[in-house]
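Since the structure comes first, as structure tokens, the remarks are kept for the end.
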Amino acid sequence: MKTSQNKIYIFDYSPETLVEKEVKTIEECIAFKESPSVTWVNIDRVPPVDDLERLRAVFSIHPVVVDDILNVNQRPKIEILDDYIYVVLKMLTLAENNKKVESEQVSIVIAKDFVLTFQQDIEGDTFASVRDRIRNKTNKIRGMGTDYLAYKLIDSVVDNYFNVLEAFSDRLEKIEHQLINNPNNNTLQEMYNLKREVLNLRRSVWPLREVVVALERDDTPLVKDNTRIYLRDVYDHVIQIIDTIETYREMLSGMVDIYLSSVSNKMNAVMKVLTIIATIFMPLTFLAGVYGMNFKHMPELNWVWGYPLVWLIMVTVAIIMLVFFKRKKWL
Amino acid sequence: MKTSQNKIYIFDYSPETLVEKEVKTIEECIAFKESPSVTWVNIDRVPPVDDLERLRAVFSIHPVVVDDILNVNQRPKIEILDDYIYVVLKMLTLAENNKKVESEQVSIVIAKDFVLTFQQDIEGDTFASVRDRIRNKTNKIRGMGTDYLAYKLIDSVVDNYFNVLEAFSDRLEKIEHQLINNPNNNTLQEMYNLKREVLNLRRSVWPLREVVVALERDDTPLVKDNTRIYLRDVYDHVIQIIDTIETYREMLSGMVDIYLSSVSNKMNAVMKVLTIIATIFMPLTFLAGVYGMNFKHMPELNWVWGYPLVWLIMVTVAIIMLVFFKRKKWL
Amino acid sequence: MKTSQNKIYIFDYSPETLVEKEVKTIEECIAFKESPSVTWVNIDRVPPVDDLERLRAVFSIHPVVVDDILNVNQRPKIEILDDYIYVVLKMLTLAENNKKVESEQVSIVIAKDFVLTFQQDIEGDTFASVRDRIRNKTNKIRGMGTDYLAYKLIDSVVDNYFNVLEAFSDRLEKIEHQLINNPNNNTLQEMYNLKREVLNLRRSVWPLREVVVALERDDTPLVKDNTRIYLRDVYDHVIQIIDTIETYREMLSGMVDIYLSSVSNKMNAVMKVLTIIATIFMPLTFLAGVYGMNFKHMPELNWVWGYPLVWLIMVTVAIIMLVFFKRKKWL
Amino acid sequence: MKTSQNKIYIFDYSPETLVEKEVKTIEECIAFKESPSVTWVNIDRVPPVDDLERLRAVFSIHPVVVDDILNVNQRPKIEILDDYIYVVLKMLTLAENNKKVESEQVSIVIAKDFVLTFQQDIEGDTFASVRDRIRNKTNKIRGMGTDYLAYKLIDSVVDNYFNVLEAFSDRLEKIEHQLINNPNNNTLQEMYNLKREVLNLRRSVWPLREVVVALERDDTPLVKDNTRIYLRDVYDHVIQIIDTIETYREMLSGMVDIYLSSVSNKMNAVMKVLTIIATIFMPLTFLAGVYGMNFKHMPELNWVWGYPLVWLIMVTVAIIMLVFFKRKKWL
Amino acid sequence: MKTSQNKIYIFDYSPETLVEKEVKTIEECIAFKESPSVTWVNIDRVPPVDDLERLRAVFSIHPVVVDDILNVNQRPKIEILDDYIYVVLKMLTLAENNKKVESEQVSIVIAKDFVLTFQQDIEGDTFASVRDRIRNKTNKIRGMGTDYLAYKLIDSVVDNYFNVLEAFSDRLEKIEHQLINNPNNNTLQEMYNLKREVLNLRRSVWPLREVVVALERDDTPLVKDNTRIYLRDVYDHVIQIIDTIETYREMLSGMVDIYLSSVSNKMNAVMKVLTIIATIFMPLTFLAGVYGMNFKHMPELNWVWGYPLVWLIMVTVAIIMLVFFKRKKWL
């Protein structure tokens, strides 16, 4: 985990006022914290332990939560405490021309007057839309509290999952297409890779369900009643994502069946060619062999029509075989 | 999503009165809304955002619900609010000679005196039967409230799922028939396609279960007690559909086994033909080869009965092989 | 659904009295309904809608329940209302020498003083034993209420499931036997058919579980406390049936593995024969071919011992090959 | 079910006293029943119906329970009544050198002052250890009530399941060993048989879980608080057995994969031998065939070095082929 | 179970004081037990039964718990009693260069003033970090009670599971790599072994979930409120481990598909080589055979260009076949 070069970015807003600036040290946040306006402190790259310690002191965060912020391999979870709520999410972003999914842990601390967010890495996040809304004075978010801000942040993460799902859907269709037209060992490998990524997405989304439910249902005063309907909406989205993931998994397992049977069918086709060739030429070669024998007393060899007759027999045998295969629908 | 050319169709009825007409603008609905009679406003194609905004104002609907109406890729869900209930359904219709299932999102807003329904597309819906009932003065629906109307609308959607299931059942039987008589790679493809559509249906029906349960169990004053028994009936239908879907899935997975084994059996048959031919003609060809050798000292070649004797040996070998195959039940 | 020719059969009993007779019209039941004695009206073939309407009026049944009675494709379910309980069951009977399972819907309406039962078809039911008990003056049933009668009716249906299970068990054993001795494509087909019927049975029994639980647990005054222990007994039977069904399903899926592997093993056997024959005769035929060449200068051809020597070589090659196969355990 | 020759064996004990004797008739038990000491009546082979009827009268047992005792094909279950608790268990014993598992139904009736146990068969049970404890005056059991006795009886049955599991584990290891060293069709058969027995064990143990939970949690006065910790211990054992069973099932299904792939691998090996032989000798035989042709004008035939040259070509071809196979890692 | 040579190691600490020493007999612990400071008695190798009996008397532990401590084949479980909590865990350690996982049972008894831990074996445990913390005077643990100590002990066990998972992940990647580059029968064997160990880990972790939940949720006074947040953290870790295990299982089952298909693909490749060779040389050998016949009247034999013509035909046939295979993409 790279902890150096962390960037601290502050939004402090109320319906009328808006302060937006980047600061260097944690201490600079204290002033904003005291104000009754909503303060959002976004920290890119988790800060060095010392900074975190000061942060802990400034915002009076429990040491277990600080440990969790530092540990970037966590499962999405929620911890509802008296003074604040701690939420861990996985922010997924598409990279390399939508072919790779990158996962980044986001920690959100929601208190009465401030929201802290910790991101793992600097490049790209899904919070841009939230920032734009805050900058827009007429936007609803300006008149709402920290719970609505937190909802918007979570919502932006969840919405991005749909983009990831769409990229998966594209790959799924590509595999389906390949499966019908030209299945090869690579196809299976791609199915396996996609399945793996789908499982990863699932691990990010499944626990989120409980996180959002807890946020909506818990009677913490930090979440106001008129925010709950928005959280239910996020919940519905999460369920829809889970649903789609399960469908993808079922489709992938159905595709494996198609793939395996196409391999068998290919072998069948190969075997048929071999069998047809062998079944036609073996009896003919045998016949030729018979009249290649050197017995002194082989009356047929002396017949004038012997040779044409053998050809006639051979052609007849070949035709019989071909009719046989035609009947068996091998041709 | 096409939002233009939306059509607004109004039913306003009480036991004695009935007004039915198409209007052009949302504003024309206001008058009906005020009346104590039941008002059903059906909007084909979701209206432009501006119209929706006016609608929102007229019927005082929460912005989140308006967002949900606009988003046509939702999962069936229910949102029970103080003044109204919002329900999202998937209306499935059979197209192309029952071979394709088309899915359309239907949003229903149930308030004390009015019901709003939003359909995605103009052509065809399952509400025709409900309209006929309303037009019939003696029908029970005329004396009931918005909850009964909503029940009837949902019931018409659920009833149509049975038609879809029947179409699936036909396809399933067709595949079964094909599987026994002439399984080919296409059969598996069709199984996969059917499985996919069954999964889609499942995604439309599963969440419906919770929707209907919530509608029946929640103690909202919008649903009267004597309507609940009807909702329980819808619930039973939903469960029956889910049951049938699960059975179809199990049957499809059983069919995959049959298909894969039939592919193996086919290969077995091909291999047997090859083996029988090779096993009979290889020893014979070898024998012919032996007496085709040009050694100076091969006493057999000079025997008078050498040639017939070789034939005798060959026929004997062939018969022994055939008996062997007969015993192995390959013939 | 054939609704004509329905037969109405009445039992009206108390500890001392018993009236048993067949009537023609619904109206004739009214007299019995009024009496405090237990009245059981059994209607074979669901009556025409008009009759049902009268029935509805006479026994004051909810229209939804009447709809359910008419719809014979229902899932087992229970509807506990204030005045009566409505139960739907699937009665299964074995036909065609135990090879086919026929399913028939049975609707039971349990009120304080009467029980109505509706059967789909005339021939055969599982209620014979209940009738015999009623006719026997000393039998416990004569002193009990409608709840005990309903218990006995449901119990007779459930008990018959055990017969169906036994028939399945026989077929399962037959398939197992076939699988070991002579597996063929038909075996798989039979497994699939059995699986299908097991799934059907499952669909009849699973929901019954909830039906019986509801009947036992609900605090409706229609079910007396001393009947509940009997219902728990029925519940135990239902669970046992479900258990057995699940075991059958697992066994069937295990059998598919055995079948598929036996197909592969057969192919293995075929391939081995082919390989042994080809591996022995190909080198020999080649050797014979070499000495069938017509080069002028082939010293071996003129050796006196050339021919026997070639035979020696050939036999040696064949023996080496056989030893090789013996070692590989292919022989 | 053999009901004749049943044996009735009585233990009647208190901390100071112990009476142990075999009696002939049910009536002889009455005296013991009246005493405040703990009375354990063990009846081998379910008695004839008449005896049971007297038993029922003596110990005032509900007729449904008597029916359950007679029906030896039951699922483990518990019935908690006011005056006594009725428990059904499956006692499993290993027979035929640990190769077969025999199942026997045990019914236990636990009342305030007496415990009745019914076994299906005479030979062998798991209660010997309990008898020894009772005979030992210093043993804790002598100072405890019927609930502790019942716990000990159930515990002895559950403990024996571990022996059965161990026998299964041995067979599993044997199959694993066979799978690696010499898989044959018999191996699969044995996997199937084991799977079947594991499923049987599962059916005996799964419902036991609920039985023990009910016994521990129900607030019946028949189970004293200080016995509950022992029942929790039995519960933990049952869960552990279920756990192990599920693991065995997963391992068995993994083994099927290994078996099927080993069959495929064997076929691969066979095919390779065939292909190598055919690929080497077919071109050679062709070459020999060419120079066996009888054209008048074949200049090669008259060359002095023709014959050795052909041999040279043949050996070269063979070597090229062998190198090709070596590269493909088929050799 | 080796019970001899057990080692008793005591930590007795308060914020200011720390006593750490090894004792020989159980009795030496009594003094520490009486003090209000936190006492941790760690016993390596479960002591002989006599010692345990004395221990039981000294610490007043229930006989069932003592039995559980002696039985080292238990499932993780928790028993919350009035005076103490009894927890069973599985401590896993990596051995043999991370290739083997060794499982050891750890029993923890948590009372108000003391914690007893029992380990199965002497070598290596995961408690070293806890010991270091206790020795460090400034560490938080010194100021906390037995519940925090117990948390730290459980946490150290759970944290080590992550190491085991990492070792599994390495093996999984190795198998994946092998699967792509050179799948052989050994690969499947390794998959099976890994699956088996994953199942074992699962059996150790699954029940732990309930243990930690019980510890956190139960309102025993032995666990203080400010320790619960730490236990929730352990719970999150356990869930994360379970999650990862399930993902591994799914990945392993996906790998089996890839393996089986790679076996089939290999066979396909073998078959193609055979078919190509046979299909090219069989017709050629037949042609050569024809002109090797000894008929007196075969005009072609006397043509001057007969021999070259035959070669021409042969080459043409071979080229046609090769083009055919090229088209079929077998080359």
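A, B, C, D and E are the chain letters, set down in written order, and residue numbers restart from 1 in every chain.
Here, a contact is a pair of C-beta atoms (placed from the backbone, for glycine too) under 8 Å apart; a residue touches a chain by one contact, two chains touch by 3 or more.
Source: prediction; values computed, not measured.
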For chain C and chain E, chains touching each: D
Inter-chain centre distance, chain A versus chain D - centres from mean C-alpha coordinates, in Å: 41
Chain D and chain E, separation of their C-alpha mean positions in angstrom: 25
Chain C, residues touching no fewer than two other chains: 260, 264, 267, 271, 274, 278, 282, 285, 289, 292-294, 298
Touch-based graph of the chains, sorted into line, ring, star, complete or other: ring
Sequence of touching chains round the ring, chain A onward through chain B: A, B, C, D, E
Complex contacts: residues of chain C adjacent to chain B: 62, 64, 67-68, 73-75, 77, 79, 81, 185, 188-189, 192, 195-196, 199-200, 203, 207, 256, 259-260, 263-264, 266-267, 269-271, 273-274, 277-278, 281-282, 284-285, 288-289, 291-294, 298, 300-304, 306-307, 310
Chain A-facing residues of chain E, complex: 180, 229-230, 232-233, 236, 239-240, 243, 247, 250-251, 254-255, 257-258, 260-262, 264-265, 267-268, 271-272, 274-275, 278-279, 282-283, 285-286, 289-290, 292-298, 330
